[in-house]
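Let me give you the structure first, and then I'll get to my questions.
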Amino acid sequence: MKNKKSATLEQAVGRIQDGATLLVGGFGQPGVPEILIDGVCDLRRRDLTIVTNNAGTGHSGIARLIEEGCVSRLICSFPWAKESFVFKELYDAGKIELEIVPQGTLAERMRTAGAGLGGFLTPTGVGTDLADGKKTMTVDGKDYVLEKPLRGDFALIKAYQTDPRGNLIYRKTARNFNPIMAMASDFTIVEVQEDVPIDALDPEIIVTPGVFVDTYYVTGWYEIGKERNA
Amino acid sequence: MSEQTNLLTRQQIAARAAQDMEDGWLVNLGIGMPTMIPAFIPKDRDVMFHSENGLIGMGPPPAEGEADQDLISAGKELVTMISGGSYVHHTDSFAIARGGRLDCAVLGAFQVAVNGDLCNWRLPNQTSGSVGGAMDIAAGSKRVFAMMSHTARDGAAKIVAERTYPLTAMQVVTKIYTDMAVISVTPDGLILNEVAPGLTADEVQAVTDAPLNMDDVGTINVAA
Amino acid sequence: MKGKKSATLEDAVGRIGDGASLLIGGFSDPGVPEFLIDGVCDLKRRDLTIITNNPGFRHGGIVRLIEEGCVARLVCSFQWGLEKELDGFRQLYDAGNVEIVPQGTLAERMRAAGAGLGGFLTPTAVGTDLAEGKPTMTVDGREYVLEKPLKGDFALIKAFKTDPRGNLIYRKTARNFNPVMAMAADYTIAEVQEDVAMDALDPEIIVTPGVFVDTYYVTGWYKIGKDRSG
């Protein structure tokens, strides 16, 4: 059986190159793969497109990636939270492009990519600025925006436990975007608190089948939202 | 009747196809002959089987007393689950099928055309077909291999220049395993890779309705 | 908290009227809500639309509904009834009232309905008979069929356990269509083997949140696929 475990952080994230599109999990702080992000920062990658829900909190996680100049484009649903001051500063300086996507549409676009579909019609955003430039269609008398799939080169996700096949379970609201992102990328990298032996996870409770997982890195428990950069 | 005695059995076709299932693959098997493949996968090779009804990690049939009425394959047979498998609901199962996560689908066929068109869900004379998951799986898999008898019961060729049967998916088949041969479907045409022991390339061409490239023909290694 | 438990089968299915559309769970025998179906047969409803994966060919379950003349229209991915010359199938088919839908499309159409979407683009069935009459679109060079959502007035589903809120878990390959059907109906009726106390189900393992469930009926374990018709 193929070994999916990365012994080091560099092994886990090393194949990410400049210019890649990364789907990064998390809603607020829960579920953000902070250790993997630190790994990408340490590699000093540039020109990344990041797809994620928020624009970062304080100086850690996604905010660190932005602050260290790795990101040229951010696709997210909620960039202007008070705690996303790092992003705001760079955006105002013209150093980062922003695409705002309604949160459900963001999730659905990634699910669509993961499910092999070509697009979907959503009532969300009809008649608003966020439908600008997009095709709208009327079906059975109701208007919809046609949205296209959104795939990443890589998904950086956080899960709770994995088995050797990469079958994943999550923890509470840290689940959020992670399962969908696992499906919507060409290469899925998972940060987990623990790895357990084969058959330790009840097959009924697995949320992400290992078929979607390429490699995992075990971090143990850690306090989220702490700055770890030097 | 020398052709008759030199045709492979269904088990032998399955054994040959099993050789080409690669380590680490997730494979979907169509109902019928393809379901014989798992028994022939070499023991040291890790191949997982996806069943469209929400089972990832389909295992062999249950032992006496081990049967679970809630655990069946897409072919509606009682099965088990292997270590490291999982259960998913139907939208996730078909997200896997349609979303390119199946490395290979091995499907039965009524007809395969030179351009890779697959016809396997309805015969022309059938009143109504039953498509099941065939179209989703054929359209979404990374690779589609066809597994079938080389000719129909009436002797008609099933590998054709242009399909005449109702289509399942356009231009998806890349490999064909029959009781007579192993054939690759390529943009440059059909390549005859191997023939069953005792058959000649010409005998295979005689019952194939499209030209076969015969530059490099081997013999099918028939498992015991 | 409003009680969702139906004390009797008639309580569970009694509100289904003539002409209703029913999403019925199951893939072959596992997951078919056999008791609920028997309940509908006993009510002698007429003119029903049945949406299900495969009606089977034993004289029971959904086939019983068809044979007893309850069904005006059938939508499914797989049927044996015509080949096996079962009563009622021929009439349905000749009247043009059997619609065959690819299984993944069937699942996805119900998911789209449950997810409030207006439709989706699928590569499945492009160029085949089953795309006839449906609009197609080309997106980024690939052709897709535009499919519409499919909802039901009622969903008849089978689950393993429920708590008082209708949170459901399923059992092995009896899961199949049931979760997506629960989402795609105006009124969801669940047949369960057992009901358990509040908090007895770990929230992480719940597959169908109770928000999708209107009522449930407890059957205990039973051997599936037995013909219980009179």
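Note that the chains take the letters A, B and C in the order they are written out, and that residue 1 is the start of every chain.
Definition applied: contacts are C-beta pairs under 8 Å (C-beta built on N, C-alpha and C of every residue); 3 or more make two chains touch, one makes a residue touch a chain.
Given the structure is predicted, the values throughout are model-derived calculations rather than measurements.
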Per Cα centroids, the chain farthest from subunit C: A
Contact pairs, highest-scoring chain pair: B-C
Centroid distance [mean C-alpha coordinates] between subunit C and subunit A, Å: 34
Distance between chain centroids, defined by C-alpha means - subunit A, subunit B (Å): 36
Whole-Å gap separating subunit B and subunit C, where each centre is the average of the chain's CA atoms: 30
Junction residues of subunit A, two or more chains touched: 115-117, 204
For subunit C, residues contacting two or more additional chains: 108, 122-123, 170-172
Multi-chain contact sites of subunit B, meaning residues that touch two or more partners: 81, 87-88, 91, 94, 97-98, 139-140
Contact footprint of subunit A on subunit C as seen in their complex: 108, 112, 115-123, 137, 139-140, 142, 144, 148, 169-172, 202, 204-205
Footprint of subunit B on subunit C - complex, ascending: 27-31, 54, 77-80, 82-83, 93, 98, 100-105, 107-108, 111, 122-130, 170-180, 207, 223-225
Subunit B residues touching subunit C - in the complex, by the definition given at the top: 51-55, 68-72, 76, 81, 87-91, 93-94, 97-98, 122, 126-137, 139-140, 166-170
List of subunit A residues in touch with subunit B within their complex: 1-2, 111, 113-117, 163-165, 167, 183, 198-199, 203-204, 206, 209-212
Subunit A - residues contacting subunit C, complex: 108, 112, 115-123, 137, 139-140, 142, 144, 148, 169-172, 202, 204-205
